[in-house]
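In order of appearance the chains are A, B, C, D, E and F, and numbering begins at 1 in each one.
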């Protein structure tokens, strides 16, 4: 690794309450819990790669917040920029799917969470910006409410102003924006795009959120047509993303791309068995960021990111846990026998 | 759904004692328990579809019976027709199979169960018959003993006499009838066939239990040849069933048929991964009954029933848990991503 | 039992998320969940005594609400008056205490729960009132918000108007009312007191909420002085409650009283080991209600209620599970050996 | 230890299905299982003391029987005299009590168990008798049915005829004998008493089963009056037993006695906390047998047996697991700190 | 089965500490433990086939050793030749792999284990040799240290000298021998080869350990070239082994061979899903030994051994648990439905 | 709290493998694991009180070491001074006691642990000493071997030389020193006593390790006689310790003392129920250190430390988890009801 950088992610920590095995909530009587979120996942994946990971968030000052805080530390994150206040955490219930039955997520109320109700003054943007090299932001946060969006823009601007790198993951979730969601979202997304150095997105985001036109029909051709437009229009150095296919035998396939210096690099199309699908996109993002930070060449970066995403599907929980060497081994070998 | 009907199933409730994971009974030290049985499965599947489900059975008046009773209520069944008395429940141990190693079921003694020793007067046939629209019976009950068979015929006759619909699932289990089982079983099966409006069976039942001759060799041709004969001979409005294939990669395939108005309707041959195979036949039966009750056209009914059976393979426990809308979604889509 | 009555409780269902054993939330990784609430506890305890128990509440129409609904059925409650709508359930985390370390409860946001956001028209007061003999209400509901209080008064008035019996449990929780809570709460409590036939309260409620004066200093003398005043002033037929003491050896002691026909009846002071303290007050209330419904003499009623409360401390979960015969046995015997 | 003897116990192996923690069967969803029975407990306790333990029993030839067989081996028993055949095992469900709520045992049907239906020829009495030094029998077996009683008498006579020692534990369970049980039981008990060298019993057995008269009222005086009569009348060398008291604080107290050579020896009255009460009587019996086999003086024997019983209350499961040295340490010390 | 033979295995018992499910050690908080080792696996597999299995090993005389001893008995092994002494057991942690993420084994220090520090005189070679028909040795033991190698050679010579059969499984693990491992290992391997009647190995062992030259490139041709040379050079009656392939869909394929009487016999190439890969090689070895002991013809022996290995992949834990009849059924049938 | 200090502890991290519930290792099949050690416990308790906690130790660079590292972070410790290298961790098995049956600890081999084999140069004494205000050492480390003792002395001297405070906990464990242990230990203990500012010890340490004479017989009088001598002789500012009594009802009693400025301060004798006894002494030590760091008066310090120790007995695991405010509440109140 070239050097150890200070990477912060801004975002909500959620409590994941997962029914063990394959029972439904109405059948079971216990839940496994963990704490995650796009920011948690990206920052701790980068900590696994040897960087110093920070989370910029706000947790309630009670037993649930304490548990979240301990979980962040366990994942290797610095909690220096974690505020405490408010009363609640966002939570979601997860019932695992099996084969023909998809997994099911049920959210509790996030609007009242400590993070989404963080008052003015909760985050010292300048202090944070000065303490880090790179900051990661996510479209899910953008969808929450006015207050949290304001924090997000202010922090992104402070990072930019301090010469730091801004990463933005579009991560558009229709359920969060409601009716006419794309129209509502567009101005906020555009604002973030203009601040961002590295963006995670794909052709659908370009068409639906940013409203860019294309006469291509094929998904791959749309990508080749639109992503360069986006890069040019918003002045973005690197854009990356994945295309996922779910196969008939319940395996998934993933193809990653990275557009940089006017050129596309693609990973192999990886096909693999899936144990825990949630958080795999964040693993891809962290692979891209690590490749960029480490000055990998684009081919290596996108292959590394795709392998990181593949391995994240084999790990329990939302948060990627693989080291750089484990990902490099997964890139070079077929499925292996026991490692003794 | 067209209307909410009152559906009763007559049958034994069994306690399923399942070794968690893939250990053998001689390796493990704990068991998961649930309560099921063909009647439980069919009636509660129909309750999931919005009907009012009843079980006609008898449970011991002790802590085990209390637990069974609570489980029935949890599944959405009315326990209005559940008698309490006797001392024991039928139980079975289940060791999960994996790949080349098949699952293994070990029964405890069912002959002394509260249900199978229900004395005369245990069930008020007329009262029950007047309270319901449709009643489901199963060939497993027929195999138990004289006393329980007598209850079964009396209840079926009362339902028929009250203008209700009688469903009979052949469900022939060689182990329960012993030597010369088919010959012993035939008169009882014939009696139920004559009372039944809807019958669950396949070509083997026609040949082996009812002794119908065919010169066809292929399984499918036998079906086409024999089922119409059965319908005619016993005056049955609808006959349905499945053909199961176990594939080399441990997936199963299922093809459902429904014969009605002199015509066969078939489902697609569905192929899927299997989590819990037990009770899937009951899911198919409940799908057929729901389609018939809801006046689906036969094509839709059999496709709905096959999809219900497929989903039942992905659910923990014997008892199907899918709603009508979940089954319809499974019919229309390939394997899906997380539902958020 | 004299007769089987129809008993409804109006109140929120909460999801209890309990850390198993004696770990803290920041140490553990799994939770046991169950569904409870004062109304759930009282109605299902009465169902255990042979009455028909109903819950009047509102649950979200998602997987969490389905699980709650199944749990209510399992407890023997009719869900006929359970509405479905809204998006969230109230939840609380429970970390068990041990000896010198008290148990700790952390609430999630209840204000946005399906119950506490039930819109006008959610409950058909008249239909419910006509379907039941007795209705139970709780001061916790009173503390929530304007909308739910309005439902509560309207239902209590409808029950009263239909000749039903109204039970009100004061259950004042300082944390829910905030600053100047007693003053805020007083008018609402007085309104419920005037509607109630049976009230659960103690001397502190009389002094602090209702503002009744007394010159007594001793707790017991305050009770003897104030409760008759309350009964007279608000026209209440029966008032009952408990005084709890926590002893040095971690046992608890409980003394129950019942004031009726101008006379106090008291239970023995029971001392016992505690396994799960939450919900024991609801067991006492259900014992009082059952005694009143069954025309027990007051001495028997209060002794029965105290024994019911004692047994509730030995049961896992908030909800009492003891039958009438188990409580009678606990009243007559010392700690027993194994029951075979 | 003086010498390693070959000790066999004749009796049924039962499967114990225990609800973990303090939930009821109607609340929980899993069970812990183990295999025990008076014979199992006594023979394996003696194996813990360094003797060679055998069980004479019959297990079904299926997965449940395999699991029982493996459990016996794990307990250190030789399965040389374990027959395989029949189809079922006796089972019982155990719900733990807590404080004021007693534990509850619910049996499944034992009459059809492999052991209780063992046909003529199942046990080679002479071969077994020649292979062992001492055999243990239990009154529970006597209560089962004609066939198993016949095996029991035949084996006891063979042991006696071969110069072995016969131990008989009265273990009268009213529930197994039904109405007029004592009268029904008397002739069978008398037959065993005449064959026995060592008998486990107390004053109640003398009065109620054997019908011996006494004019004493106090329990202890009855013991002093009756046990010598029993020893004389039936020609028994050693009689031993315990008196149990359950205290108000949920501790139990135990006083052991041993009558031998016309003299009584008593243990201290031990008072202790109880974790798992079942099987403690078998620990006492095994302590007496070990003391007798090892030629301890009677005082030591009865103190050793009482301490063995006390420790058995602290061990999970029915079967005692303490070594001789652990029991000796428990006799000499108060409750100790961690042993590192 | 032709006859019941006395089979001993010499080797270390290890404690396997396995993270349940698919979590990493840094994510989980509990471990499942069991006791295994090549010797344990082979001897207990042969006990499952009806032979009398012995383990020659040494366990610490503490609670961990007691647990190991009980586990050996549970597996059906005689502990007659198990010495007790020393202080430690070898242990290894196992994190399950999933799909693209391989399983991971982390060893604790084995050099100080009771077995690997067994002093002179720990094993009575002659007494053991006289008590058994066949003895199994493993190359892992050879890798440990001087003292244990000396015990190994002495016991093998004693067995040979008493007319017993010596089996040697090469089981070369590079990690145990360190740098220049093949050269270091060669003399010890050659010594065992000369003593052995049956050897488990493949073409790589011949080339790398024994240094035999071949001009073949293809794996199968190397086998055909080298194994006859080995048999001739070291005077071995039977040599057997497997070639494993890990397929893209995470299934494994296994091809077994047996060289005997100058002729090769091969199994089908079996392809199957894998639940627990560890110990499958031992199942193959035990199948070969059983076939040889039972005078199966070579074709049957190698097919039986391959099926035994296949089933071992479906069993929890390192130790094979399948009976002869289960293996024969797996040889004759495709994947089966539930066995009721 | 007065101020946030930087507190380091030097010591081994051990993996605790605990049998859940009250089973023995030979009965159970799973273990709960956590990571602890005197240093871990003291430093993380101080982190709970708001200080910055560091551990100076060495962990293997494998999956077990990763898990330990994550656990340290979760406890709130900085891992800045945690070296990685070597291959093994010290481990111990813990079987919980119950009542008359004491808990049992079985160690694995610690001498080969990464910490106990740390080579020269593993710790940068000066860098560490400059980064901290106070360092904690423990007599257990002193018992290990020459190499680790050398690191210990060098670090203590560096801390002292940099003006930091040295804390030494005598923690003499007879099992670690073997025969003539006190004599062997004395010179090393004396060396640490001379370096220490704060020492944890009691009268036995003074007599047995340091060999100080006293003519007192009573334990308390010995303390009053000897501790001032120790303080004077070795120039120690503060000496503290506890006397533990185990009561007949399984509660423990604890009396703490603090000797400072020629004066003794004592806590109340606290009596309490015990859930997890291990690590309570470390809680006391951390309370003393916190009181000293915060300039509490001696009375408050010793009462705070004793309450911290009492609460540590109610917490799962070795490591104290209570905050300053929780300890202050436990000091002021009797056993409390649920905290909502």
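Convention: contacts are C-beta pairs under 8 Å (C-beta built on N, C-alpha and C of every residue); 3 or more make two chains touch, one makes a residue touch a chain.
Bear in mind the structure is a predicted one, so any value in this text is a computation, not a measurement.
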**Request:** Could you tell me which chain lies farthest from chain B when each chain's centre is the average position of its Cα atoms?
**Result:** F
**Message:** Please identify the chain with the largest separation between its CA centroid and the CA centroid of chain E.
**Reply:** C
**Prompt:** Which of these, C-F, E-F or A-F, makes the same contacts as C-D in over half of the contact pairs?
**Reply:** C-F
**Asked** When chain D touches chain F, do the two copies use mostly the same residue numbers, with over half shared, or different ones?
**Response** different
**Prompt:** Distance-wise, how many Å sit between the C-alpha centres of chain A and chain C, to the nearest whole number?
**Reply:** 45
**Request:** With chain centres taken as the means of their Cα atoms, state the distance from chain B to chain C in Å.
**Result:** 42
**Intercentroid distance (Cα basis), chain E paired with chain C, Å** = 63
**Request:** Indicate the residues of chain F shared as contacts by at least two other chains.
**Result:** 24, 26, 29, 70, 74, 104, 249
**chain E partner contacts - residues on chain F that touch it in the complex** = 17, 20, 24-26, 29-34, 62-64, 66-67, 69-70, 87-89, 91, 93, 95, 104, 106, 108-109, 111-112
**Of all residues in chain C, those that touch chain B in their complex** = 70-71, 73-76
**Asked** Which residues, counting only chain D, touch chain F once they are in their complex?
**Response** 74, 249, 251, 272-276, 310-311, 313-317, 321-322, 326, 330, 334-340
**Message:** With touch defined as at the start, can you tell me which chain B residues reach chain E in the complex?
**Reply:** 21-24, 26-27, 97-105, 107, 173, 175, 244, 246-250, 277-278
